[in-house]
Amino acid sequence: MDEAAAESGGMRRGFILWLPLVLFLGLGGLFLHGLLSPESRTIDSKMVGKPLPAFALPAAASNRPGLSTPDLTQGKPRLLNIFASWCVPCAAEAPQLMALRQAGARIDAIAIRDARGDVDRFLGRWGNPYQRIGLDARSAVQLALGSSGVPETFIIDGRGRIVHQHIGDIRAEDVPDILARLRAAQ
Amino acid sequence: MIAELGLAALWLAASLALLQLALVWFGLVGDKADLLAGVRPVAVAQAGLCAIAFLALIALFLRSDMSVALVAANSHSAKPWLYKFAGTWGNHEGSMLLWVTVMGLAGAGVALLERALRRDTHMATLGAQAAISLGFYAFLLFSSNPFARLAAAPEDGQGLNPLLQDPGLAFHPPTLYLGYVGLSVAFSFAVGALMTRNVDAAFARAMRPWVLGAWVLLTIGITAGSYWAYYELGWGGWWFWDPVENASLMPWLAATALLHSVTVLATRDALRAWTVMLAVVAFSMSMVGTFLVRSGILTSVHAFAVDPERGTFILALLLVYIGGALALFGFRVGTVREGAQFELVSRETMLVLNNLLLSVVLGVVLIGTLYPLMTEAFGHKVSVGPPYFDAVAGPIALGLMLVMIAGPVTRWRHDALRAVGGRLLVPTLVGLAALSALAVLAWGRIGVLPFLGLVIAAATAVGSLTPLGKRNLRRTPLFTYGMVIAHLGCAVSIAGMASDSAFTVEKLAAMRVGDRVSAAGWTVSLDQIGPIAGDNWTAMQADVSAARDGGTPVLLHPQSRFFTTPPTATNESAILTRWNGQLYVVLGEPTQDGRWQMRIWWKPFVTLIWLGGGLIALGGLLSLIGRERRGWMKRLRKAAA
Amino acid sequence: MTRLLLFLTLVMAQPLVAQTALPPAPYADRQLDDPAQEKKAHELMLTIRCLTCQSQSIADSNASMAADLRSQIRERIAAGEDPEAIRAWLVERYGDWVSYAPTTAPILWPLWAAPALLLLGGGALAAARVRRRHSSKRKAG
């Protein structure tokens, strides 16, 4: 009895002596994983799959109306582009937005922390692919959408549900994927 | 020419490290005294060569030799000389060269100074030291050569991160490195002791000065780093539980535990296996910290020298050294006999409690820091920040303070509970007095943790002095004073943290020239604002006068600075220090209507945080001198004779 | 004259990375008049992670999105909303990442359990040590 207790005690002690190595190897594995797949810096919106929050924004440009939630629940899927006239990547993605427009996509936009004159100048210079542009002067709608920067593009299905979020500027190679997703949202 | 000389010295030093390892190995295995006799001179020569390589790099930076890639990437001829000098180690390659240089010097120190340790253990320690150095030499020579030349020298360099152009920060990283290297020596001692099956009090006494020295340097490094973050980042905070900060805290926590357990081993020959384990953990935490900082696998405000490839190399070194040492521990520590016995009520038990609580804090900081990395592996992003660490580490730290009051007044081996209680009477009364005073003055207005912090800090301040009571102060050994001062420092620091958290007043104001605002008894007015130029920056500087309760106004100059190489903006806060706190003023952005955004804080007794840190380091230094003075004198006399 | 030039270059250099064309939102850097409400808002802001700079709280960040969020938080607190409700609203949009205070999501349970487990495990180890000493002492005596 005593011997058995001593034996199991010895076993336990033996296990505890190797525990640090086991924990350390786990740590090493974690570090290796961290190195191989670096932390992504993008914060995805958790609103994807959920209905759009309710909002009504005034017009951001002189020749386009403002934007509110009912405009995005008209039965047809639409792109909702989050941009700003002061944002350099937004100008860089302008040709891709024009291409999407030409391919038949309906695009609305929200201009973040912007002023009407600046937006007009921006659209005059880089082209205007948008049907409606709402002005979000204090990032309120951007925050409500779970968007973490400019530019970003959301795909909204016909019933006003967010089905996809594209973070960063749209590159030429992204255009077919976005068109496919837009069709799938029918 | 200088660069080639440095590189040659580095290669030679690396070969000597290999030679040192071989001499130790074959000397110990074959029991050949003539081989072992060569180890000491080789260790000293290796240190000399490292020093030559490092001096060469300093010379290249001071001369702004832009044909060297490292200088071109990190320096600029227009920089003040101090930052050219500090720029030597203000980058990855240079800091690694500093690391191996200090490691080489420490190896020479172990070779020359250690006399009491059994010869085979001493030699095995030097072998382990050589093995660690080899890894870092390989790292430098194969993946981060500091002496690489550019094919064509650029006209001028790219400059140093302006946040790093600060006298405090120029010396902050090397202080931490010195501490890490000290812990690497403790690690080598532990490996040497395990290899030669010689874990005993003599081993602990040989290791202790290195642990103490490392701990003092880490304390200074963390204290200085915290003050730097406080005045440089301009957010009024002094600790953000950021991954990089945690990376520097973890080795300190392990070293603090080790410092106490090594004392138990040296004095009472108990806690043998645990002390060896802690020595391994302490160094592994410095390597883990270095890995986290350099690999950039965690997002941080302080990430300055990030590169995944280097991360891979450090990870490999980490796995080889720490994994090897832990495997050795598993195999060998079973043969380490259990040390001396002690009763439940004894100083040993108190120190076990100290070690337990410190280890738990260490575990919590480690898990909290790495948790986002773990959940990321499952595709879930989370943040672990100050609310978690404060809530968890805060109460444990306060428990630690209570143990700290009781430990020093408890006798070794065996003590009576009643007697210990009697010795704790005065601190208990002081604690109760502080509790009632605070309850009357501030109950409900401050948080629970700061409240308890202030109470326990008062009790600890008095309790830390108790070991001096009933003693002849002149005959009290220096290391006892060291302990008392370090413990007092903890109380002072905790008081500062609690006071800052409980009583800080923040005021935001958009001010026009001529405006005045008042906060916490201070009247602050914006007198003037205008441009000013420095050596390699330009700034907007505000003339702000601050007066307390209608007293004489004092002029402050917060700046918003712009650096051109590389283009960056920083806020230089202006801090007015009074005996009872600091007024902290930051100049922000201009508003559209011509006003300037100002942030003003009154932080009562915030300076106690760093004063306490200084006391802790001073206590450690006195302890080190008190313990080692006699041995040093003897060796000096022998050397003179 | 050089002073004026310096001033102009500085004013022009101001926005190093353009983030906005507008002045900051009203309550971005303006405290609420009620100190109790301001305290609530400030404590919440210290625990919300900045989306643009990522390793600062929005209280410490100069980013304009953080400024807008600060203003929104102050306005909502002033309107009587509970800080934890605002945190939940943000977590619903940005996930657990946005809160520096770990939430009570299941994936965070081990994190909250860790301190207690470490304390128990370490305590058991230490207690076993002390008990073993006692029993071996009794045997010897």
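Order of writing sets the chain letters: A, B and C. Residues in each chain are counted from 1.
Definition applied: a contact is a pair of C-beta atoms (placed from the backbone, for glycine too) under 8 Å apart; a residue touches a chain by one contact, two chains touch by 3 or more.
If you're wondering where the values come from, they're calculated on a predicted model, not measured in any experiment.
Inter-chain contacts peak for the pair B-C, counting C-beta pairs in contact.
With respect to chain B, maximal separation of chain centres occurs for A (centres as means of Cα atoms).
Put simply, the C-alpha centre of chain A and that of chain B have 40 angstrom between them. For the pair chain B and chain C, the distance between mean C-alpha positions equals 24 Å.
Annotation for chain C: residues touching 2 or more other chains are 54, 95, 97-98.
Residue numbers of chain A whose C-beta contacts span two or more other chains: 41, 43.
For chain B, the set of residues touching two or more other chains reads 299, 381. Within the complex formed with chain C, the chain A residues making contact are 16, 41, 43-47, 84-88, 113-115, 118, 137-140, 142-146, 148-149.
Chain contact summary for the complex, chain C toward chain A: residues 18-22, 25, 51-52, 54, 64-65, 68-69, 71-72, 90-95, 97-98, 125.
Interface residues of chain B facing chain A in the complex, by the touch rule stated above, are 273, 277, 280-281, 284, 288, 291, 295-299, 308, 311-312, 315, 318-319, 322-323, 326-327, 329-330, 333-334, 370, 372-374, 376-377, 381. Per the touch definition, chain C reaches chain B in the complex via residues 3, 6-7, 9-11, 13-14, 16, 23-24, 29-31, 42, 46-47, 49, 54-57, 59-60, 62, 95-103, 105, 107-108, 111, 114-115, 118-119, 122-123, 126, 129-130, 133-134, 136-137. Those residues of chain B whose C-beta lies close enough to touch chain C in the complex are 233, 235, 237, 242, 299-301, 341-342, 344, 349, 352-353, 356, 359-360, 363-364, 367-368, 371, 375, 378, 380-388, 392, 396, 506-508, 510, 530-531, 533, 538-540, 562, 567-569, 588-593, 597, 599.
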